[in-house]
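Listed below are the structures to be examined.
Note that chain A is present in both complexes that follow, paired respectively with chain B and with chain C.
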Partner chain A sequence: MSSLPAGISHDALADLLLALADDELVLGYWDSEWTGIAPLLEEDVAMSSMAQDEIGHALAYYSLLAPHSGIDPDAYAFGRTPPEYRFARLLGHARTDWGFTIARRYLYETADAVRLESLSRSAWPELAGLTAKMRREEAYHLLHLETWFTTFMSAAPSAAERFRANLAQLWPDALDLFAPLPGEDELLRCGILPEPMSTLGARWEATVRPRLEAASVAVPLNSATLPPRSGGQHPDFSWLWNEMTMVYRLELGAVW
Partner chain B sequence: MSAVVNEASVRAALRDVVDPEIPTISIIDLGIVRAVTVDAAGVQVEIIPTFIGCPAIGVICDDVRARLAEFGPVEVRVCYDEPWTSERITPYGRECLKAAGFAPPAHVRVVEGGTFPLTLHQVVPCPFCDARNTRLENPFGPTLCRAIYYCPTCRQPFEHFKAV
Partner chain C sequence: MQVYEVFRQEREGEPMAHSGSLLAPSADLARQYARDFFSRRNEALRLWVVPRSAIAEVDDSDWLKPPFDHSYRVPAGYNIVEKIRTAKARAAQAGESEAGP
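Up next, the complex of A and B:
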């Protein structure tokens, strides 16, 4: 059963699917750290539930790639060295405090919504179907974030200022979610990617930048100085990688 | 045992397979069996998950294989050819959920393009006393598919099977 559009190379397919999967996997792992220590009991449950969604989405993306690469989804998730991961710089940072976590999620989820809407129109039916399903689940994440965005912005000045500073700090790294992919020309030609990443990035920025500026966030001018999708090289990630791959590395090839 | 192998008999057998997290509802009534085909190669079943990250999917697929073993070779495929939505739960399935203390999902109108108008202000009647003045405590619950509500009339917390 192969409905994969003809003419796509494995490398180009991996460029897209590993970027998507690694973003979701690493965000899921960072945010799962709130289980047990979130500021409210309800947030413990909410953050754990959303982290489980993200890790499930990562598994689904790795599983789409697996039949074409012959590589097991677990080997993608846990069998690579930190620099081999393809997630965006936004996801390299440690979870830090609650405001930082919410600021990152706000930027990530609004960007992911733009990405998923586009991918649900992919010429590859499996990817279109999967991302259409994800959009329904992510609707709950977006509602959660809208609530927290409003809560922080109307909080005591010290909390609101810190939240604004987090958003401004993370903005350049969030743009990395829309960095051009190495195999993008091929992906576009086959219709797997319906639109260039730069188009998606501009669409996201056109909705989110005015929203942030209206909330008095000092959104920086865009500047790309670091290599694209180099989140795996962030110093914070080596700690998380060690944690999340520990069991996998303990006994390679173990069957559970 | 020589069971009659056709789509109807396979679907009837699948009524015995339940959601391991809510064992009062069958996977047929939950609406996650998208297609059953029977041909010379055997039986093929397509499952569409309620939530992509649902950890029960592996168990459900194993249970389907075990229940259908008497019908010959069985292939179970998890797919997203169409999204599972809470509108796929049958009327009987909604009764099963309610009998187990779960409020059935509020009805959602699916609009063109795969999105749906999600609101947290939907009326979710209490599964115990049918009061309509319940309130949402948390849109996220103990599993991906559940939200937590409270009924001030009978003073019961309860779970709502999420509309999606």
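Up next, the complex of A and C:
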């Protein structure tokens, strides 16, 4: 017996849950690329563990949508074409080097923390409960990324400078995490989304922008030029999509 | 980079047992890595993360295995089992006579 608030359409529900799930899924896949080649063995285990956490969170979001759409979580994760994914542009980029991975992940974790705090107050008890549980796991991710942020900022000038450039480059794409959702009015009316995405975006920016500027990052002014949540159209993603869906496509409907 | 030794308590009341070691660039990262290495599958209630350099090692064999025969200090040298059995029997007998009619 679902306690989904009345009056919400499937499309609006999918707008929210697929955005959340696809962000986590694709970040998890990119960062799992570090398995075996992270800067030190210990970090290899830590990064791989966090990547697995994100894929687990994606599964949880897809599973929340499944009873309302009749679509299996695996079909969401692996059965769509690249442009059908709804993840933010931040997650379209390849993992690149360690500094880039950490810069992307730092922006993501700080943004996700704001998003999860708000969603844990959702009027949909399943979503509120799930995101409250995720916050407990994400607190560790955030701590780990804060540690790396500080490490990079106090590293040798060449490394710190590159890290700052990565943060500045990724900033506009990180804002895309808070792009308005097509079904946002409905989600707000039903209380599934407690606050508009733009409010969350402003809340994130109010804490992270000063922190970056204090660390001498040349944070660009906000200007959205690309379509929202179009990470799936990033040229890097077609390579990852091929990798992550390879087995699924080999024998559609195969049973394990 | 420093080596850290990690100790883990698996259940309340049990001793902290040595789980292994790891290499980390800072004490903060050592604590974070310790959880990934030694309790990412719910194994621990508590971890101790100790820089190996903080551990005082005693390995002088003249201290630990003195050259003289100390076997007389080993309690196993005494036949105490028989004495305890006799004492218990005596105590039981005394108890019975005290509780008499």
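Following the convention adopted for this analysis, the second predicted complex is superposed on the first by the 256 of 256 C-alpha atoms of A that agree within 3 Å, B and C clash if a C-alpha of one lies under 4 Å from a C-alpha of the other, contacts with A are read in each partner's own complex, and residues count from 1 in each chain.
Simple rule for what comes next: a contact is a pair of C-beta atoms (placed from the backbone, for glycine too) under 8 Å apart; a residue touches a chain by one contact, two chains touch by 3 or more.
Note that the structure is predicted; figures quoted are calculated from it, not measured.
Enquirer: Looking at the overlay on chain A, is there a clash between chain B and chain C, or do the two fit?
Expert: clash
Enquirer: Looking at A:A111, would you say it contacts chain B, chain C, both, or neither? Reply first, second, both or neither.
Expert: Neither chain B nor chain C is touched by A:A111.
Enquirer: So, does A:P125 touch the first partner chain B, the second partner chain C, both, or neither?
Expert: After superposing on A, A:P125 lies in contact with chain B but is clear of chain C.
Enquirer: Could you tell me if A:L16 is touching chain B, chain C, both of them or neither one (first, second, both, neither)?
Expert: Touch partners of A:L16: none, neither chain B nor chain C.
Enquirer: Quick one: classify A:T151 as touching chain B (first), chain C (second), both or neither.
Expert: second
Enquirer: With both complexes superposed on chain A, which partner does A:L25 reach: first (chain B), second (chain C), both or neither?
Expert: In the superposed model, A:L25 contacts neither chain B nor chain C.
Enquirer: With both structures superposed, pick whichever of chain B and chain C touches the larger number of chain A residues.
Expert: With both complexes superposed on chain A, more residues of chain A are touched by B.
Enquirer: Answer with first, second, both or neither: which of chain B and chain C does A:I55 touch in the superposed model?
Expert: A:I55: touches chain B, not chain C.
Enquirer: Quick check on the superposed pair: does A:L143 touch chain B, chain C, both, or neither? Answer first, second, both or neither.
Expert: both
Enquirer: Of the residues on chain A, which ones does chain B touch that chain C also touches?
Expert: 42, 45-46, 49, 140, 143-144
Enquirer: Which residues of chain C touch chain A once you look at their complex with the stated criterion?
Expert: 1, 22-26, 28-29, 32-33, 35-37, 40
Enquirer: Tell me, which parts of chain B touch chain A in their complex?
Expert: Chain B reaches chain A through residues 51-55, 79-85, 113-116, 118, 120, 137-142, 144, 148, 162, 164.
Enquirer: Can you tell me which positions in chain A touch chain C when the two form their complex?
Expert: So the residues of chain A touching chain C come out as 40-43, 45-46, 49, 140, 143-144, 147, 151.
Enquirer: Contact residues on chain A for chain B in the complex?
Expert: Touching chain B: residues 42, 45-46, 48-50, 52-57, 59-60, 117, 120, 125-126, 129-130, 132-137, 139-140, 143-144 of chain A.
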